[in-house]
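Next come two complexes, and both contain chain A; in the first it sits with chain B, in the second with chain C.
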Partner chain A sequence: MIGIGEKMSTKTTAKRPAKKIAKMADDNARKDILRGLLKKTRFDKVRSMLEFNLQAGHAQDLQLPDGTVQIDDVDNSEAHSRLHMIIDSVIDQILTSGRPSVEVPKRSSSNIIYDEKNDLLLLGQETAIKAFHSLSSVTDITRLARVVQIIHDLLTEGIHGTKREIFYSDVDLFEEQGNSDAVIEDASALLHTTRNSTNIVASAKGVCIGRLRLRDKSDIIDCESLGSGGWGISPMLDNIEILESDAEFVLVVEKDAAVIRLTEDRWWKKYPCIIITAKGAADIATRMFLRRITKELRLPTFTLVDSDPYGHYIHSVYMRGSKRLSYETPFLATPNIHLLGVLARDLDEYKVPQKCRLKMDVQDIKRAKEMLDEEFIKNNKPWKEDLELMLARKEKAEIQALSQHGFKYLTDDYLPMKFSTGDWI
Partner chain B sequence: MRIFKKPDGGFVQILGKERIKKWNAELPLLFIGYMRDNILPKYEDPSVRKAIEDYANEIMEEIAVPKLVEVLKGADQAARVKTSQSLEEISKKKPDMVKVASEYVTQLVSDNNKDVAKAAQNILKNIDRAEKKKQYASKRKTMQELDRKLAKGEVTDAEYMKLRKEYLKLEDEIGPEE
Partner chain C sequence: MIGIGEKMSTKTTAKRPAKKIAKMADDNARKDILRGLLKKTRFDKVRSMLEFNLQAGHAQDLQLPDGTVQIDDVDNSEAHSRLHMIIDSVIDQILTSGRPSVEVPKRSSSNIIYDEKNDLLLLGQETAIKAFHSLSSVTDITRLARVVQIIHDLLTEGIHGTKREIFYSDVDLFEEQGNSDAVIEDASALLHTTRNSTNIVASAKGVCIGRLRLRDKSDIIDCESLGSGGWGISPMLDNIEILESDAEFVLVVEKDAAVIRLTEDRWWKKYPCIIITAKGAADIATRMFLRRITKELRLPTFTLVDSDPYGHYIHSVYMRGSKRLSYETPFLATPNIHLLGVLARDLDEYKVPQKCRLKMDVQDIKRAKEMLDEEFIKNNKPWKEDLELMLARKEKAEIQALSQHGFKYLTDDYLPMKFSTGDWI
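Showing the complex of A and B:
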């Protein structure tokens, strides 16, 4: 591996003593040998993971444990028919009792179940009754009815609406977007479908670059030839189909800045991969798209995040979903994803200088402790150890801290070394 | 996905036929064109190229053509018009892609549905024009050679005039670029 001083060596050779120059030559020779070895052995581990996945055949459909709600990703006509069944039931109640209500699965944390077998956060079977004749729920049910009506219109016309548009369609009723967003999620839970099945989408911020060809309706998109910006992941994923790929793994990167580095190097040309970023916290479309890729292409998947509790949290959301959207977890989570880096132990291993490490603040420490309390971390020894190391040192670092060793250190040294040694969680 | 192993140990995965069968009638044809123009040239190894080309041919024979024929022979007039017009659009840009369906398109020229018949005429016209363009390109090379031979006196005026006339006639039939 190369140190900071070595990067500067070519300019200052004349002033350096002969012994030091000889040492640098040795280091460079070692580095060349190491690079040669990497070329031979690089990604052997990743490739054998892919071979294993491909030989294992199609991924089995997820078997949800008892006591959890089954959610489906359905097509337009199925969503339509589910919606009509709900409305028919409300009409029946009006005619029979005159006091209609609907039963919506609860989305509160008390109803979120950790499925240890599948390593996922799922929605339990507790429900809440929302009645039209109750002062406590009349606002909720009115908003819910309005959203159901909007969903019906969207499905009938075969178009998509954004969460923002839903809010603006009836500002007086929803008052603020937080209210309409919550009701949209209730409506999906009520229909036992993913939100995408209701044709309501959130604006997406994810980007995909690399060895992947897609179809968006009748347009074919080549993610290798869209310039340095890549393909902006569409929130209308029902229009997207994977056509072809010769990628051997997926690299999910937290930071856009790291993606710029990878893009400028056209990293996927050298290392056959698909690079995805949500530019920070993972949005639904990016998570759903990642799941689609890994499920259909059965590619080993890795995350590259900051070495801080928030980075680890982002990885966990890709891996097992967020509590807020637990009812959609089976369609959003990528359980086989690996945390490649930047691990807390990497800071010493890859000689990240002290000046590039930051002190963890109160929030960081709180989040790290909360994460260590989670069952899925307790069950994952290497992950637990890495978080404990981070907490013991109270140090964090961004992916960009690696650029202290040179701008190309991430692409030429760190990532190849991590992949070739299989150093991931 | 259909999986192809590369000699370097890597893999190429291409969408499986079951999914392609669910597409609109004209899409498989577009995909085959994309495979031939963009996917095949990426893979240098002849065995991989052949395997992918064979797969493209399978899609063509088992899905693309039967799907088009099914829709064009069907009773749904709106679908017939849409498919024939989509084919017409493809024939403008990639006439070679629709050539495989020309036998069925020929039968549609006298179709009772005027829109279908018109689209069919245009498709055949585009295929014919593309064919003539190929002939013209080949004849252009011959004419350049002939010009040299004429200058050297290796060809008679009558022979030259005959070939030149054929060449100009072909040029006239192709017409100006749209």
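Showing the complex of A and C:
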């Protein structure tokens, strides 16, 4: 039986080359950069957050609490060597006991731990033993071995596959995609890595635009010079290197319609920022990409969502992840993200007329109540109050409702006012 | 009463500056370009199509049959002047008869005409008279006047709005979005322009990647150097200028998973092409963008979709538009697009095993039968045969099923073989 948790958790997480700004911020040049950045800042409250981030340990890796499993985002060669370690151990067991098995971290809800300090969902240390010699687990372990083999092939060839392709590569064995998906998650839990580290990726629908320069293999991409279209966020984030940025904050926008307004205005030229949208609910690649730029560039980050329970939920997914993906949470979550708006209290503050507000339906009310039951919202008084206000009024409104005041109200009035007054959650 | 059809239809369509390749291809330099392009071509059959397109009138505007309405894609100043013409006429009517009205082309199915020669759905010449003095049309005409005013504001400010924003800008009048949407379509029909010409845009979800250089206002975008992410297609296509390309064909891909394989491989470097995906069903901006590059660069264009009725339907929407948007068809459709695959006959030809094929469900069978009833499929024997084969077997398969033969089978075997043998519809 093999349990690799302890060995692996002592390794350092970051395998990527040090990034320009993150690295420079650690040395003597930090103050100069800081001075340069602050000179250009428009919003005092955002400036002090940026200053704090640059001086404090915001960019450090999270310290996970006891009883949780350390998962790493690793590069190709580290994933390879972990994989070989597992296989070597299986061979050893075959030679010594003749009864090989592997120990896979459990992904069931009983093994999900809420880390109050970091406000994150994490994977606990419960494991399941999958043995080749047991009738109850032989199918599972055979499928797992096949996926491990496929991952090995992907890593060796340096290419990426999707879950659907993995399923199709051995339909007889997997029978249906639910089975291969589950085993894919097991395989990355077994390696104590993110799924991205196994070169199995999901399709991405996000777009990034604004003050950011990236490298994708040999291509240098300047997200400021891509017109109003922006850069389609690649699902193969392991090939992406964040080069530099003179942005002072990141704005994550739920609705593409709001992004149209921002990009048409080239809003990032006036207000130095990076704009990201997943065009609706957050997909994995967009969340991972957001986390990376926020962490590496130490930027204050804000969401602009509809003023409804679903908008708040989207914000929460960027902030803390979803239960299903618990063991990847640290690589997907942006814990210090702020809910800029549209807040329930904004509807009066920014005079959204009654006729532009919508009635919450049964589903909305149910979701709002569920969210108010969550620990992380109970612990966040302003957020709790805003959801309670929304629920008391049973009213919601979309970002676009602000266009009641004119098409440029969002970019010329609402956002600058929100950022200037620091009126976020 | 005002009917502006005849006056407007005599105007020329293209208001954009002449594009480099399209223009050069018309003069003496054409043969040199052609020779240069052909030297690099990999696929004989694609080469002869490209040669034909460059020499023939493929890039000319469509000749619409009698009895249909000419719709133009116009620039800001032309849209402005058409709008003023309408308003001037209304003012004239107020001064002379005191009973102003406008004549709006009908958008109902009875006024949709199938143009057999060009294989397109077009808008007929039936009109509806909307009068201010009639109780039955006063609400409609008031809403229409308001939308015309909003369009005027958008054009004057040089900004774009979305349908949702238009609705929110006067909720009292429009009451629900269905009403403002209908009037928005009426307004562009009234102006005999595409909706894009009125600066009312829909959000875009497409991505473009490969051998194409664009300009978006002052930004030059090289779609070949955007890594694996690509350029997010902008919904504000009136700001986009197609600069140049050394692509020999365009490949439109339904599934993002297939795009991941193509981009990871930098497939356009080996096979000079432009890759476009709408990540599923085709949105308006992606269709309009595809039409423009196909037309301006005279490139042979192919779709790669799932081998199921929905995939064939997506292909048909790129090719001919959907009924709902009939009057914009000429600006959204790419009539000479070819269905490259995955064809029903490919499943045997490329040895997709039985276990990787899926059973067609009731919905699939219904859609396949509906498609076989369409004139444009009845007139296209190979397409008809392929759908009949699919229906006879009641089998479908996804693009990803090809990964049964290995993750690189799509890029290294299937696509090169299809293009080499000219095995498309």
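Everything that follows uses one rule, which is that the second predicted complex is superposed on the first by the 370 of 425 C-alpha atoms of A that agree within 3 Å, B and C clash if a C-alpha of one lies under 4 Å from a C-alpha of the other, contacts with A are read in each partner's own complex, and residues count from 1 in each chain.
Here, contacts are C-beta pairs under 8 Å (C-beta built on N, C-alpha and C of every residue); 3 or more make two chains touch, one makes a residue touch a chain.
A quick note: this is a predicted structure, and the numbers were derived from the prediction, not measured.
Peer 1: Could you say whether A:128 touches chain B, chain C, both of them, or neither, answering first, second, both or neither?
Peer 2: It touches nothing on chain B or chain C.
Peer 1: Once the structures are superposed on A, label A:297 by its partner contacts, choosing first (chain B), second (chain C), both or neither.
Peer 2: So A:297 only meets chain B here.
Peer 1: Count the residues of chain A touched by chain B and by chain C, then name the partner with the higher count.
Peer 2: Higher number of touched chain A residues: C.
Peer 1: Regarding the shared-chain residue A:220, is it in contact with chain B (first), chain C (second), both, or neither?
Peer 2: Both partners.
Peer 1: In the superposed arrangement, does A:272 touch chain B (first), chain C (second), both or neither?
Peer 2: The answer is first: A:272 touches chain B but not chain C.
Peer 1: A:365 contacts which: chain B (first), chain C (second), both, neither?
Peer 2: neither
Peer 1: Quick check for you: in the superposed arrangement, does A:407 touch first (chain B), second (chain C), both or neither?
Peer 2: Only chain C; A:407 stays clear of chain B.
Peer 1: Overlap of the chain B and chain C footprints on chain A, residue-wise?
Peer 2: Residues common to the chain A contacts of chain C and of chain B are 215, 220, listed in rising order.
Peer 1: Write out the stretch or stretches of chain A touching chain B in their complex.
Peer 2: 47, 50, 54, 213, 215, 218, 220, 222, 241-246, 248, 272, 296-297
Peer 1: Tell me, which parts of chain B touch chain A in their complex?
Peer 2: It is residues 1, 3, 6, 9-15, 19, 24, 27, 30-31, 34-35, 38-39, 42-43 of chain B that touch chain A.
Peer 1: Name, in rising order, each residue of chain C that touches chain A in their complex.
Peer 2: 153-154, 157, 159-162, 164-165, 168-169, 171-172, 201, 203-205, 207, 209, 214-217, 219-221, 225-236, 239-240, 255-257, 259-260, 263-265, 279, 353, 355-356, 398, 400-404, 406-408
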